[in-house]
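Each of the next two complexes has chain A plus one more chain, namely chain B in the first and chain C in the second.
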Partner chain A sequence: MIAVLVVLALWELAPRLGWVRSESVPAFSDVVREAAAIVTRPEFLDQLGASAGRWAAGLGLAVVIGVPLGLAMGRSRALHALVDPLLVAGYPVPKAALILVFVLWWGAGDASRIAVVVTGALIPLVISSYHGAAAVRPALLWSARGLGTGRWRLWRRVVLPAALPQILSGVRIAIAISIFTVLASELLIRGSGIGAYMFTALDNGQTLTVFAMSVIVATLGFALDVLYAAAVRRAVPWIEGDV
Partner chain B sequence: MGELEARALRKVYTTRRATVTALDGLDFVARRGEFVSIVGPSGCGKSTLLYILAGFVEATAGGVTVDSQPIRGPDPSRGIVFQEFALFEWKTVLGNIAYGLAEQGVGRRERTEKARRYVDLVKLTGFERHFPKELSGGMKQRVALARTLIVDPDILLMDEPFGAVDAQTRIVLQQELLEIWERSGKTVVFVTHSVDEALHLSDRVYVLSGRPARVREIVDVDLPRPRDPEAILALPEYSRLHRRIWGLLQ
Partner chain C sequence: MDRGGRLSAALRLYPFALALALWWLLAASGTLGNEFVMPPPPRVFERARELLDDGTLGREVLVTFSRVALAFSLACVAGVGLGLLIGSVPAVRRALRPLVSFLFPAPKVALYPAMVIVFGLGSASKVALGFSEALFPVLLATAAGASQVDARLRWSAAALGTSRHAALVKVVLPAALPQILNGARIGLVGAIVGVFLGEMIAAADGLGHLMAISYRSLDTPGLYVAMLAVSILGYALDRAFLFARRRLLRWSDEFDGDG
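And then the complex of A and B:
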């Protein structure tokens, strides 16, 4: 907390005392004032809506694909052996580098942007769901089987809820990653969205706007993370500790 | 209902490194309404035997019958209680206990009502809305017991159920189990590593040998019932049986 305050104080004082040029680093208070002005502009809200839509679509698709895949890998050694090498190989690939490939395939539209978000969020979701499902103790599955739960019903009745804490941790990581990738995709493809809005400000030499947008995005990301953790604590009271 | 029989059971585990024979030609019978304990050196395959009787693990050779019918996988008529409780962490005490009824398609109102009776039976009144993480070990095992009893199994299979609770709680739970068993007439198969526990509870004790497990001896426990956990310790017959089983386990 003190470290944060020191950084903010330096940020405020450096341009004011002439240590850096305010065209390169505007004072913190100016940035905050600009950010407050930006968030009320309708065109900003339009761009925010565009980004939020892509973010939600990408994250949602990644959850729909990644969670079942990870759970199935956790319960099937064969599937794990098949998919795991792909994850290991894919993990260090910077997902932003795939944007151009997607543009080649699907053009510079929403499909390519969303595809980047999906690829970025997919791996942490698959890995966390896998670990969740692999850690379900046999005694738990047997208890359910012994009480009349059929083989297929086990997925919904035991595997999914037992793995839920890990899945929710994976979603938390995926939220952070997908905010990053949606911005990266918009900075590269432009067109519309928060990333494009920032790039246009940079092109027009509006340093203050660029900084203000960064502050807005950082605040949104932070708020989303805090809200998510709070919502999980509330909705899933049986989890031990934090997700 | 509730006669459990296993003939010539053999179980061989094959891993990448080795082949382990857990059970080798083991016969087992629990008659209707009987309380049978299984004791043996740790790691001898007691739990494996229980899991085969439950239908969770398939025997390499030999078969299990209930009332002369071969078993086919797990079934609510053979209830199980594990040492580590294996409760559904995401369900409340009431939800855990009502689980089996939900799986049988019993309506919400009816199963909640019945689950409340079983909450009372295992003396957890007032804890209906608690999650497992909020309970002590002894309370968790009460939940597990009620969750199994509510579907009214003919046979109760228990895998060192009181091994993870403190000594005092253990005696209380043993006594409560005996009361429930005496009233219900269920067949109980009880795995334990405690000779005292086996003698306190059982009609007969299967003493198994070390791996691979074979039946070393079947000991009849002719102690009077209802058994007082303190009073039976003073009986000469008790010490005689205790020495005998200890001797077999060495």
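And then the complex of A and C:
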């Protein structure tokens, strides 16, 4: 905890002692007070709800598309050869920037915003599911088949559970990326949502609000990550190592 | 090049042919909208030509590239340095662990408005966002790699009279290199995405700015040019990185030869 305390102490002292101007970096205690005030405002909760809805819809769709695709790639060489180059080519594209293109196609509503979250979260989900399915020990498949397990049951009872640890850590990455994508797309095309709320504060020169929003959003991202890891540990106790 | 190599090269290029064909089809059919929202490829290439000829495109690519290079180099230096310490010195690990696990999952773009306030509208805030996107993949991969180094390697080095300090650089660093480079590849893409988005949100130059300004001035072909340019830049940097990685890891037996 030492490093955290040192950082926070510096953040508190630097503006107070005049090392940085308090108009550009407000002291930590002021930021926390402002953050506490913001989270109780109804308009903030409305914006949070708008962002959270898009985030959940986009992430859910990405899981529904990405996980089966990745698992199938892990079991089929041909499919892997076909899809993998697409992933390699799409990987370095800044997905959040596609919001401008999607807005041209589908307007500035939720459809474009959800679509951009899906594109952002998809690749890590496909790749981790692929690695999970490709690493299933052939002996497991042989024994299951030898015992007369059908195709569908083989997927449900052998491939999916064996790949689950990898899938779940892919979801963890996708959670972080999709939060990033939602925020970035809201910063680029205003309207409703947390990102737009934050940027309005920047435009109005409300430095304290900007810092408070950063702290709130960073804490939300961290809290989601911790909750997810804890939920996975509870739900799937047999996973070894990190989630 | 043998037949397998040629086949894999063809496979690597097919997404671009597919994207081009799909783009052409969508533009011709008007499924997504008229020529304004979905200009056909020739219209976009023509615009790219114009932007190349008046020097805009080359300049913006260079600006973005140098910001990415700076953000990525800084992230590598800081990430590898801190990662080695966290991975091999328990006291440092205990001190920094909570900070890292708090900041790693936090969406860095949420800090961007604060970065703009602190670093201004110039290059520094874009480099800061690229850096913060690139840092954690490098740092965490280095820490993981350094903590998994075979203890016998360290013992042998110590027995042969290598100081702890020198062992960090001469033993731990090379042993962790495969993992470090895997993290650095993710970090490189993070740097590109961070710099580009920073430029889109608030900047006066760079490819991201070109995209944002084209959007605002209704120059849709220009918007597609900027999007294509950053994608090509990202793809080229990723490929160059994989090439460098293959050279650096030629000695390593865990190198599996993919990419």
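The working rule: the second predicted complex is superposed on the first by the 243 of 243 C-alpha atoms of A that agree within 3 Å, B and C clash if a C-alpha of one lies under 4 Å from a C-alpha of the other, contacts with A are read in each partner's own complex, and residues count from 1 in each chain.
In this section, a contact is a pair of C-beta atoms (placed from the backbone, for glycine too) under 8 Å apart; a residue touches a chain by one contact, two chains touch by 3 or more.
All values reported here derive from a predicted model rather than from experimental measurement.
K.L.:
Look at A:A3 in the shared chain and tell me whether it touches chain B only, chain C only, both, or neither; answer first, second, both or neither.
P.N.:
After superposition on chain A, A:A3 lies in contact with chain C alone.
K.L.:
Going by the contact rule set out at the top, does A:L164 touch chain B (first), chain C (second), both, or neither?
P.N.:
It touches chain B, and chain C stays clear.
K.L.:
Is the number of chain A residues in contact higher for chain B or for chain C?
P.N.:
With both complexes superposed on chain A, more residues of chain A are touched by C.
K.L.:
Considering only touches as defined above, state whether A:I38 meets chain B (first), chain C (second), both or neither.
P.N.:
neither
K.L.:
What is the contact status of A:F180 with respect to chain B (first) and chain C (second): first, second, both, or neither?
P.N.:
second
K.L.:
Return first, second, both or neither, reflecting whether A:L98 touches chain B, chain C, both chains, or no partner chain.
P.N.:
The answer is second: A:L98 touches chain C but not chain B.
K.L.:
Can you list the chain C residues touching chain A in their complex?
P.N.:
So the residues of chain C touching chain A come out as 11-16, 18-19, 32-33, 37-38, 94-96, 98-99, 101-114, 116-118, 188-189, 192-193, 196-197, 200-201, 208, 211-212, 215, 220, 223-224, 227, 230-231, 234-235, 237-238.
K.L.:
Please output the residues of chain A touching chain C within their complex, sorted ascending.
P.N.:
1-4, 7, 24-25, 81, 84-86, 88-98, 100-101, 104-105, 175-176, 179-180, 183-184, 187-188, 195, 198-199, 201-202, 207, 210-211, 213-214, 217-219, 221-222, 224-225
K.L.:
For chain B, which residues count as touching chain A in their complex?
P.N.:
51, 54, 56, 73-76, 78-80, 82, 84, 86, 88-91, 99-100, 103-104, 131-133, 144, 147-148, 151
K.L.:
If you look only at chain A, which of its residues touch chain B in the complex?
P.N.:
137-140, 142-149, 153, 157-158, 161-162, 164, 236-238, 240
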